[in-house]
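Here subunit A shows up in two complexes: once beside subunit B, once beside subunit C.
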Partner chain A sequence: MALLKVEDLRTVIRSRAGLVRPVDGVSFSVEPGQTLALVGESGCGKSMTALSLLQLVPEPAGLIESGRVFFEGRDLLELSWEEMRPLRGRDMAMIFQEPMTSLNPVLTVGQQIIEAMEVHGVARGGEARRRAIESLRRVEVRESALRQYPHELSGGMRQRVMIAMALVNRPKLLIADEPTTALDVTVQAQILALIRELQREEGMAVLLITHDLGIVAEVANHVAVMYAGQIVENAPAGELFARPLHPYTQGLFASLPARARRGHDLTTLEGRVPDATAWPVGCRFEQRCRYRWGTCARVAPAFYPADAEHPARCHLYDPETDRPMKGTPRAEQEQAREIIEGGVAS
Partner chain B sequence: MLSGWLLNIIPLAIVAALVTAVRRASRKPLWAEAIRRLKGNRVALIALAVIGLYGTVAFCDSIAWRDDRNAPLLSLVDRVFGRPQESTYSAPLAIRTFGEPMPRPLLGKHWLGTDGTGQDVVYMTLKGCRTAMIIGGFTLLIATPLALFFGMLAGYHGKTVDDAIQYTYTVLDSIPNILLLVALLMVLGRGLPQLCVALGITSWVSLCRLARGETLKHRGREYVRAARALGVSHSRIMMRHILPNLLPVVVIATTLSFSGLVLSEAILSYLQLGVAAGTGSWGNMIDASRLELARQPVIWWNLAAASTALFVLVLAFNVFGDALRDAIDPRLRS
Partner chain C sequence: MSTEHATAANEAPLVEVRGLVKEFGIRQGIFSRQKWHRAVDDVSFSVGRARTLALVGESGSGKSTVGLMLLDLLPPTSGDILLEGRPVAALRGRARLALCRRMQIVFQDPYASLNARLTVRETLVEPLMVHGIGASASERERRAGDLLEDVGLSRTQLDRYPHEFSGGQRQRIAIARALSVEPDFIVLDEPTSALDVSVQSQILNLLRRLQRERGLTYLFITHNLGVVDYFADDVAVMQQGRIVESGPAGAVFDSPRQEYTRKLLRAVPSFDPAHRKLSSL
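Coming up: the complex of A and B.
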């Protein structure tokens, strides 16, 4: 059974411009001990999805409209704030993108780690202190950091502290929202290695939210590609890298700087993500898609093939597709695969 | 009535609490930085020294004991600055009473003369320090928790709670302060504690507004979201995470409003609504000088002493409050 199963999650935000729908029918699941990467460009709703899982969407503007989030079989969306509280930080922990601001500036590192245990009654006093030191040691932070304030630590150290805080209660699921985006490349690799190692030791599942395909290739077992509030492709990591189906995924791979050739312009995805206050009726990627035809603008695509391990939300893979010129996507796919394999080899 | 030595514990406890608070704060990064900046500001240090001087006088006036069972309770100030009571007014450094057809020789030397009841003016002015400090300090002790509690509740929870609290303090704020004070003092009666309560009720609104705004700002911060993601409860987030972050602005605001409270005591005394006539207070002295100024020749020393004492304290608090603000948040300086 999946540890976390999200079904048709919809989150809305009321804004002056109207009702924004950053998460618009998202479904995925995370297996115990596995890493699912939620990939997409900024503004596609990844972070809002993560916050919705913990029911932490910013109030009062944000609201989870519908959907179900099963965690170990319980629907979290039916729980009240207070019922949800024991789960947060104990069964499912979250680390945020900004290690600079995610720690309280006026409390010491030790106070904050110990608090994570105290609020759940896991440990207190000397025992809590001992475990705080132990968790700091696991993330390779010296013990003396316990008495230090966040501003006295570097960005990488702070993110390690955040991870130590998130892991101190040994959660079953870690939600990592762009955990390395704000960090230097060298520190990034360390943090990722650390998460992977801790995951192996603890048997913890990870929901990794990122826009960086390099990270996905390194740590993910399974990948869900998100675009404009929806998941557009869902596949085991190896499978996705070998055979990206959705034109958006293909575009993402093609535009990786590592794939670029010297002397040529970088490949980019033309156009912009549609406005979240008024999603298009048809396919949301239609405006930017090189394969588009009449149907795309009119009909929203479902997942095809519906039952397979690797579905994509694209009319191209509809068995009854009415696409005028058949065959082309396969050739494009081959080409994309070549590019990717070339990139992976390098 | 509390016995003498028990009353002495209160000022000692206050001083101990102040010292502990400052020492603990000096270990926190934000405060340590502010203290370092304050140390470089000479005007602020002078202002702080002046406040400290007033505080010391108030403290000495609060430490009191009896020489024997039947002797009156005398404070340190009473013992050092107490002068023999004369029959009526006398000019500064005079040797005879003032304004009487047959001036009588004085019993002692009075640097700033005596008032209508023959009390030494220096002594009365010093007695006013304690009253001023109690009014400022205890009023803030009442108003600050009230303001923080409601301000944080409104800012953190928003929606209905916010509406209710905002409505309450807006209504309270729309009644002219002096009118509300007069009404409250009519109900509560005259006296130092009553005055503190009344001033507390009328002065918490601006701080509450400030606390609400700051809480609103901090509520959206990443660290609050991170705390929520760790399963920290609302009340604990408010008390442990947001409150310490509000303290700098609260300290600035209370320091600046201290002087306003001392001033309102003077105004209320002028309206015969201040502390009881027997309690030495600058307000009462200024009130008494209304008639003295109409006399010929004018009796000025009473008014001069009280208003100078008041002016210097208010000035010191304002200067120090501004310096504290600069020290805590240098960005505000522009």
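Coming up: the complex of A and C.
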């Protein structure tokens, strides 16, 4: 059974411009011990999806309109705020991009980690302190950091402290929202290796939210690509990188700078993401898609093929498409492949 | 880099930096003695005309500080900056201003680097007025419109404010502002780091075209080694204020001589799930 199963999640935000729909029918599942990467560019709805899972959507403007979020078979959206409390930070932990804004500046590192255990009744007193030290040691932070305040630590150290705090209660699911975006590459590499190692040891599942395809390639078992509030492609990581199907995913790969492209212009995705207050009737990528034809603007694509391991939300893969050519040309997939293989010093 | 290029670069570097040092004073408390931190420590390099030198390194390596000193936005503690062989520090008054015109900068965050209270027209016309470019107001306005079109926007957008543009469009405006005074040399300080990859590719294409068309020389400050591998002719790797390794980008990336460069390269994700690198760290 999937640890986390999300079905047709829809989250709306009331704004002056009207009702914004950042998460518009998102479904995916995360298996125990596995990492699912939710990939997309800014504004695609990936962070709002994560906040919706924990029911942390900003109120009163935000509202989860419909959908189901099963965690170990229980629908979280049926639970009250009080009933969610024991899950948040214990069975499901979350780390955010900016550790400075998510740590409490007036409490020491030790106080914050111990508090995370005490509120859940996991441990207290000397036992909590012992576990806090152990948790810090695992992320390679020295014991003396317990008495320090967040501002006394570097960015990398703060993110390690965030991870130590998230992991101290041994969660079954870790939601990591751009956990390394603010960090240097060498620190990023250490943090990613650490998350993977802890995952192996503890059998923890990870939902990784990122815009960085390199990070996805390094840590994900499975990938869901998001565009304009929806998942547009879903595949095992190796399969997605070997054979990206959706024109958007192909465009993302093709726009990566790499030595293979030296002396040539990079591929660009012209145009911009449609307005989230009025999603188009048809395919949301249609305006920017090089393969579009009549059907695309009129009919919203479903996932094709519906039952395979690697479905894409694109009419090109509809077995009954009215387009003469089915699928994207082999050359596009190969161009993406060339860029992937020609990455820096790979 | 071909030998032909190498000779050309050695003969006439547009910009040259010799033994550049920047020290910042730090005080732990009001009664403690002043200590000095060397943010930039004996940095030397040169950039040939119409070439791109990438300055790479992690946060705190001093790469942005070098950029600020080149632009005369921060006084060096010691060392020389030469433009076409002439030391910049010796210039005063008008000559100094004329120099500023030839060197411009584009910053990382286009949300912070544009004045939110100025329209695009005002943003682009102001540097022209400062440097006395354009015979009349209408001439300057025409130039502003041309600039905007040259960076891929429309002159109908001249009266808009920065908040009406996306991040990528704002970065285009910042580039247009840098170009307005017709510089030879532009410091690009992480110009695409705040942008999505699909927008990054547009900005990189634009920078490449402008370099080709105008013969611009770039100092490209970045931590993104993929961008360097695609864009830069030469690369200098900075660590703790010093350049630890430099050379043609391809050569440095293929056979790095310093352990620190190797460490940086190893830390770049592989883009290939079949060949993961980070597990071996």
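Here, the second predicted complex is superposed on the first by the 323 of 346 C-alpha atoms of A that agree within 3 Å, B and C clash if a C-alpha of one lies under 4 Å from a C-alpha of the other, contacts with A are read in each partner's own complex, and residues count from 1 in each chain.
Everything below uses one rule, namely that a residue touches a chain if its C-beta (ideal position, glycine included) is under 8 Å from a C-beta of that chain, and two chains touch if they have at least 3 such contacts.
Since we're looking at a predicted model, the values are computed, not measured.
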| item | value |
| --- | --- |
| Clash or fit, subunit B versus subunit C on superposed subunit A | fit |
| A:V185 touches, of subunit B and subunit C: first, second, both or neither? | second |
| First (subunit B), second (subunit C), both or neither touched by A:G89 | first |
| Vertex subunit A, arms to subunit B and subunit C (CA centres, degrees, nearest 10) | 80 |
| Touching partner for A:M162 - first (subunit B), second (subunit C), both, neither | first |
| Broader residue contact with subunit A after superposition on the shared chain, subunit B or subunit C | C |
| First, second, both or neither for A:E152, with subunit B first and subunit C second | first |
| Partner chain in contact with A:P105 - subunit B first, subunit C second, else both or neither | first |
| Touched partner set for A:L269, first subunit B, second subunit C, both or neither | second |
| Partner chain(s) touched by A:L56 [first = subunit B, second = subunit C, both, neither] | first |
| After superposition on chain A, the shortest CA separation from subunit B to subunit C (Å) | 8 |
| Complex interface listing, subunit C residues touching subunit A | 58-59, 166-167, 196-198, 200-202, 204-205, 208, 223-227, 229-231, 250, 253-254, 263-279, 281 |
| Contacting residues of subunit A [partner subunit C, same complex] | 41-42, 155, 184-186, 188-190, 192-193, 196, 211-215, 217-220, 237-238, 241, 251-252, 255-259, 261-262, 265-269, 272, 339-341, 343-346 |
| Complex interface listing, subunit A residues touching subunit B | 51, 54, 56, 58-60, 82, 85-90, 93-94, 96, 98, 101-107, 115-116, 119-120, 149, 151-152, 162, 165-166 |
| Parts of subunit B lying in touch with subunit A, wherever the complex brings them together | 28-30, 158-159, 220-223, 225-233, 236, 240-241, 244-245 |
